[in-house]
Structures are given as structure tokens and as C-alpha cells.
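Dropping a structure here in C-alpha cells format, bear with me for questions.
Just so it is clear, A, B, C and D label the chains in written order, and each chain counts residues from 1 on its own.
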Amino acid sequence: MTFTEIVWTKEVKLKDAILLEGLPGVGNVGKLAAMHLIDELKAKKCMEIYSSHFPPQVLIDDDGIVNLVNNELYFYKNKEGRDLLFLVGEYQGMDSSGQYDLCQKLIEIVKDIGVTTIYTLGGYGLGKLVPEPRVLGAATSKEIVKLFKKANVEFIDGEPGAGIVGASGLLLGLGKLQGIHGGCLMGETSGYMVDPKSASIVLKSLQKLLGVKIDIKELEERAKQVDSITNQLKDIDTNESIDKPDVNYIG
Amino acid sequence: MTFTEIVWTKEVKLKDAILLEGLPGVGNVGKLAAMHLIDELKAKKCMEIYSSHFPPQVLIDDDGIVNLVNNELYFYKNKEGRDLLFLVGEYQGMDSSGQYDLCQKLIEIVKDIGVTTIYTLGGYGLGKLVPEPRVLGAATSKEIVKLFKKANVEFIDGEPGAGIVGASGLLLGLGKLQGIHGGCLMGETSGYMVDPKSASIVLKSLQKLLGVKIDIKELEERAKQVDSITNQLKDIDTNESIDKPDVNYIG
Amino acid sequence: MTFTEIVWTKEVKLKDAILLEGLPGVGNVGKLAAMHLIDELKAKKCMEIYSSHFPPQVLIDDDGIVNLVNNELYFYKNKEGRDLLFLVGEYQGMDSSGQYDLCQKLIEIVKDIGVTTIYTLGGYGLGKLVPEPRVLGAATSKEIVKLFKKANVEFIDGEPGAGIVGASGLLLGLGKLQGIHGGCLMGETSGYMVDPKSASIVLKSLQKLLGVKIDIKELEERAKQVDSITNQLKDIDTNESIDKPDVNYIG
Amino acid sequence: MTFTEIVWTKEVKLKDAILLEGLPGVGNVGKLAAMHLIDELKAKKCMEIYSSHFPPQVLIDDDGIVNLVNNELYFYKNKEGRDLLFLVGEYQGMDSSGQYDLCQKLIEIVKDIGVTTIYTLGGYGLGKLVPEPRVLGAATSKEIVKLFKKANVEFIDGEPGAGIVGASGLLLGLGKLQGIHGGCLMGETSGYMVDPKSASIVLKSLQKLLGVKIDIKELEERAKQVDSITNQLKDIDTNESIDKPDVNYIG
């Protein structure tokens, strides 16, 4: 009854590669970071994954052409370090068993392509503005915890308390069961809006981990714009409080 | 655990046929248009499709006879142009994986009957009254985009922004994966009520595309009735606003 | 992933039997009618049906013994007319695809036992008190419509407008697809409470249809009790309106 | 589409063993009792069970290591009585069919390990504070009812009225279908908070049933703390009522 269909757009084999998952999530931090890396490294698409676990929906591009919602893999053959494979898309699997099913299949697929480590990228929602976001980590082995710590990733007891939900968690948990180790990088974020600042600090840690050098100016520029809008909103909010007389004192 | 059962009511083979999907949706625009074409062309039923993806429900006709809810295919052998096959029914599949499953099966079925192109018909809800609705389009290939433009179908950047959800989208998206191209015709509509006016403009574009000539007077008549009722409601609404003094000016 | 398990408590074969479905539903009319027939005819249990489509729940009897929720079949070898098989239980399948799956399996099972006709029993909720409930009908063939009419079952155009939802509808709709005909008897009821009066009029029609003679005094007695409670509640309601001064006029 | 994966952490065979289920539930009574027994008896883990019926989630331990949510089996070879196997975990199966599927699989697994009896542990929520909670019982056979009564387990007609929902019920109901008998011990609890007092009385009955002697002081200590907090909250509540003048007497 369920179906998952793979379309290779370019046959590719990688060696001892790292999978970087950047599907939509809190603050779209992981997605922004992964998409930025893909752009900067000029990674190429190698696979489209269609599945009945995604919404029954087509998207329409600027030419009026419809495309069924999917997940996509992009690859980057890295001369300075380990090869990279990116998992991005508009959606995660919609329900719990769909997420398990998709992540199981994705792990099989990326193993075949040559992935031996999984890094998942996400946001850690704090429910309030975060002026100086940190990158929090979690991993499937002590070795990766050590590795992450060297890249300014912080490990805080009992954080995140609810664990990690969705693809960023499942790919690690199911990967571990299949002998593929990995870790999650979570940029702190309010969770209220798309957060390029959080994505840019995740990228700073990632650069150290992956041995790639990329330009993150554009993300930082967008982060400034978001900050500026947020500040304007705060100003309006403050002014309104001042202007608005306290009704209880009237009459 | 799921079941889909096909009942041929008339064995039929078509040649290079176009599937026209008109299942219930926004403003029932697609359904109205498809049913009108079936009536005018005197298309004949060839198949009933029963499925556990529909609600667990029977409908009762005027003679007290119960019928399990289903989808149905009607065919029309067209001497002036390409053969037509119609997909209509009271329901779409109820959940997401059910929609994928049904649409996959339907594409297999209509391919076997001889369908090589899929046109899906639907409404595009604007959330407000639309005095002069347009027909918007989306398609799986540039050739069909061109074809549609010649038939007064408009393509507007980023519309519909959310893509196309349900059978009208999935049949195109899944069809494309299986090498069957097609497009969607969406009549603009308020989305608040069944909209024969929107259906009639979709039919005007369809006549050009299909090379059939049909009478749409009856639909236009119903459109006028709906307009007249809408105007009466607006009048009542306006009068009420006049009678009702503006509370802000009192006291 | 789903499971359905059958436990024969008594191997039985019937000849040209009628299935009477009385699962829980609106006003529990069908269940009351079926259980009363089972009691009066001293029908014997022959099968328990367990399924993952029922709630994950055990019930506890007066001796503290737990029993997994199930559906059950009872049989009655009728010397005066056609053999009877009863389908009763505490639950219907919980979701739509579960209902399809269970009803498909039940039809297979009862066919094997010897069922050739299906009568489903239910309530038709009117949303208001019904002093003189009627029995409404629907059927899969014109022959059964005629048969029902002779037994004081009424057929009213477009009633019930929403068709019949759940096992009472599905058993007929799916049965029809498999060549087993049948009909539904619906006792009018408020839908607000368990309704023995509605069940007793359904039984009156059933007696004529089945050629059995049973005592329905006990049900009529319970119907009177419910009526009496309803009237007391109405009185209280009326008195309160009288006694309660209109607050707007005080002070 | 669904998956369940078993990881043996220690191969083990038991003889005529009792399964003790202590998954999360009302007041976490069963979980507290089972975890306390595991700690006191120094039972060892022998199996981890992963399944798509659990949430798509990893938990993070104090070292920053992620672990996919699961259920676990612990065993205890009992020289004084029957061997014990414990079923514990952070979650039960998430939906109804998932619970059936998991419990079916679990019964197969524990049968293979050597389980011949199932005791499930839970809380019975009363919706109010319970100063002197009792242990209520239900069982699959009269023999076990008798056995439980000797261990101060009470059987009250029609309690619990709604039966037992979830793993504590299903393991008994499905076990009975497969010829494994058992019973459920339910500690009365408010249902508002984690309840160590209710867990400790369940343990008192269990000690008699299992022929093990364990220290429950720590649980009783925690029960006192909860009682003390509850009393403080009641005091605050009472004082507030005293301070707050009765509005009805004013004016």
C-alpha cells in the first residue's frame, strides 16, 4: 500500500562519505545550512526520492511545470577531505511509521552510495529570542562527541530534554542499529521564524568538521536583515505600550 | 489490509486517449465540468472502482437501493479528435497514503485502457467572490504549457503557491514519473460554494483543447441563478449595514 | 501488521441462512434488537472474532476474568423459516480501512457458514424525540425493497441522505459486490440515548420478515421506563422555566 | 511498511518464567514497581526491542549519546521461586494496531525465552486523592483470581468498568488466546501524578506472589515526599478558601 520510488539523476559512488541531512524543521536551521553548503560547494543532484509518506501534492515552478514533492540527494567529491552527500527536500515523512520507513530506506540507499557517517542538522527551539545562539550536539558514540567538542559544539546535560524528534533523530538512531555512527548539530533558535543566524553558526562548526572552506557572508547578511526586522517589531511593541494608556486608571 | 476492486461494466479499449479527472474538490469545479461533458457527449460508464480508501459508506438512490461509494470511469470515442476517458466519483481517497495508492492504481488502469495524456480539472479558491474568473494552468511539460496557453489558460508566476493537492496534483505528478504527461486546468472560484460559472469557463478552454463542441447553456443558467442568490445575499447584507447604526458614534 | 483471529466455539453449518448484524450504533437500536432476538430464540454462540481493528482493550466480567474485546456470531436453526446467524459485539472496527477489512473478512466467514442474505439493523438519528418511530429501509435489490415494504418498512426518497455509514452499510455494499443481497432496517430514534422503543418496532418488522414469533414485552417495558424518565426530565425542564423568574426583570 | 527489530544484549533461556510488564501508564505505577524490582533484584538486560510503533525519536543520555526509543527485557534467575522477565520502556505502541502488533510479537518472544505466565502492572486512576490505595486485580483464569486474592489483591464487581486499555490489557487478552494465562495488578491512584505509594502497595502484593523479598523503603520514602508536597498544596488551597470571602454574602 505504501510506495517509495527512487529516480537516479546521476549515477554516483562515493568513498567513506558523510551524509548531511538538512530537511525542514525548527527554524529551518538545518535546511538553510545544507542548502547553503550545496550552493557554495556547487554540489550536484544525484537522486530524487518519491514516497507516499509525503503529502499528496505537486509544486509548481516558475515555468508552470508541476513536480511531485520529494526528497533529493546532492553529492560533492571533496579533494580536501571526505566526500559529502546532502539530503534535502520540502517535507519530512508525514506520520511516525512513515518516518521510520523512509529513514530505514534512506540509510540503505546512502550506505550503497558510500556513506559511512551521518551528520544531521537542525534547530533547537528555545521559545524566545536568542541573541548569541550556540551549537548543541548529540552523537551515537563517544568518539563523535569528542570530535564535535573540538568544533565548538557544546554538550549540555539533559539538553535537549525531549531528545530529537523526526529525521534528524531517526537517521542517527536507526543508523546506529545498522552500524553507521553519526551526530546531530543543533543551532539554538527562537523557533518562531526561519533563522539564518542559527544556520550560520551551525555552518561555522561544520566547516571545521568537514574541512571545507565556504563563504557564509550571504547567510550573515540575511541574519542581519532578520535582526533588523525583529528590532523594529520590538520598537513598535515598546512604543505601543507607552502610548497606550492603562485602561484601569481611566474614569 | 487495504483493498481496491475493479468492476468492468463495459470492456473498452481507447486509442491515444486523454483522461479527464473531475473528482470533488474546491467549488466542485472539476466535478461539475466533467459531469457536464459526460452528459453532453453521452459518454458511457465502463468501470467502477471500489476501495478501502473511500469512506465506509453506502449511498441510497431514489428507489431505496444502496450502492457502495466508488469512483467511476466513463469513455467517449471521439470522431473529431482524441478519445476521452472521464474519472468521476463522490469521493477522493481519504488519507494521504490512500490517495497515493489509488492514484498509482488508476494510472495503471487508464494506461491499460489506452490513455496517453492526463488533464485534471479543479477549482482555485481565492477566498473572495470572483466576478470574472480566469482559468489557471500547470503542466508536466513545456509543450503542454504552450498548448494550454493557446486555449486561454493563464500561467501566473507562483500561482497556486501551495501547488496542487489531492488527485488533481497526484495524477499529474505520479503520471509524469511513469512517462504520461498532462496538465491541470483550475477555474478561479471563491471556494465558498459549488461554482457552475467557474466550471463553464473551464469547459470553454477544454472545448478548444479537446476539439469537441458542447452546449454549456445549462451551466451558464445555473451560474446566473447562483449569481442572483449571491447578489440578494449581498443586498441583505448591505441593507443590514445601513440599518445598523455605527456603535462607535453612539454616546 | 494487522491481525484478525477466529475462534470457533462450536462448529456449525447453516442452510440458506440470513445474517442479522446488530453491532453498536445510533441509539444502539440494532444491538438491542439483535441481542433480544438472541435471548428469545436461545441462539448459541459459534464464533469469536478478534482483530487489531478493535480497541486495544480487555473487558472484565463479574468474576474478575478478562476478555479481549471481540465480535461474536450466534446461530439459530429455524424450523419455521430460514436459519439465522447473528453478528454482535461491543465495537465496530475503529477506522475506515479497518471497517472495510473486517467486513470483507466477515462476509467470507458467513458465506462459508451458509449465509445467503444479509439484514443489517440500525438506528436512524433524527436529533429530536420521536414519539412514533417508523422503520426505514434500504436494500441492495428491488426484490428486497418489495419484501421489506410488506413488513411495514418505509422507503422515503432521499432518506437517509448521508447514506449508511459503518458496518450496517458496508456489509450490504461489499456483500452486493460479492453477490450476496440484503437490506438495512433502521429504527427512527432521537440518537441521544439507548432506545428500546425503536428496537422494538424494528423487531416487529423483523418478525414478519423472518417468520419467527418472539415476545417483545420486556423491550416495551424498558421503552416505557425510558419514556417515563424522559417525561420527568421534560417536566422538570418546564417547571424550572416557570419557577425561575426572569433575571432581567429583577431590580 | 512497519518494522520491529530485536537486539539480544545477552542470550538467555528461562524455565516456567513469569513476565512482569511495567510500561508507562496511569500514575506510572506499573513502571515504578517494575523498575524498583529490577534494581532491587539486580535483574540484567537481555533484549532491546525497536519498532516503528514507537515515536520517531531518540533520547539523549548524560554523555550526549543518542539512543532510539525502545522497550527492554530484563531477566532474573530466581533460586527461591519462578524465574522472572521484566518488560519496561519509555513508551507503549502509539496507535491501536501498533499496540496489537507489538504485543503479539512480544508474546511470541517471551514464550521463546520460557515465559508461561504474564503479570501486568498498572495504576487504576480514581480522579481524586487516594489516602489508602488498594490493589485491584483481574485475571484470565479463576485459578489466578484465587492466587491473587491470597496476596491481598481485591476483586470488585464491575471494576474497572472500562476494562484495561493498552499493553497491560492486551498482553493478557492476546496471551489468553495463545494459551498463556496471567493477571493484572492495579494500584489505586489519583492519576494526577507519578505515584510511588501506589507502586509500593503493588510491590507488597507482588512479593507474596513471586516469593521474593525486597526492600521497598526507598519507594515509601518517595511516597512520603509526594504526600508532603500534596499536603502543602492542600494547605495553600484551604487557606486561600478561608481568606477569600464568600461573594454570595456580600452586599
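Here is the rule we use: a contact is a pair of C-beta atoms (placed from the backbone, for glycine too) under 8 Å apart; a residue touches a chain by one contact, two chains touch by 3 or more.
All of these numbers come straight from a predicted model, not from anything done at the bench.
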item: Minimal step count in the chain contact network, subunit B to subunit D; value: 2
item: Superposition of subunit A upon subunit B: rotation angle, C-alpha, nearest 5 degrees; value: 90
item: Interface residue identity across copies subunit C, subunit D - same or different by half; value: different
item: Subunit B and subunit C: spacing of chain centres that average the CA atoms, whole Å; value: 38
item: Residues within subunit C bordering two or more other chains; value: 1-2
item: Contact graph of the chains (line, ring, star, complete, other); value: ring
item: Pairwise chain contacts, counting only pairs that touch as defined; value: A-B, A-D, B-C, C-D
item: Residues on subunit B engaged by subunit A in the complex (per definition of touch); value: 1-2, 93, 96-97, 99-101, 103-104, 137-142, 145, 155, 157-160, 162-167, 169-170, 172-174, 176-177, 184
item: Subunit B partner contacts - residues on subunit A that touch it in the complex; value: 1-3, 5, 7, 50, 52-60, 62-69, 94, 98
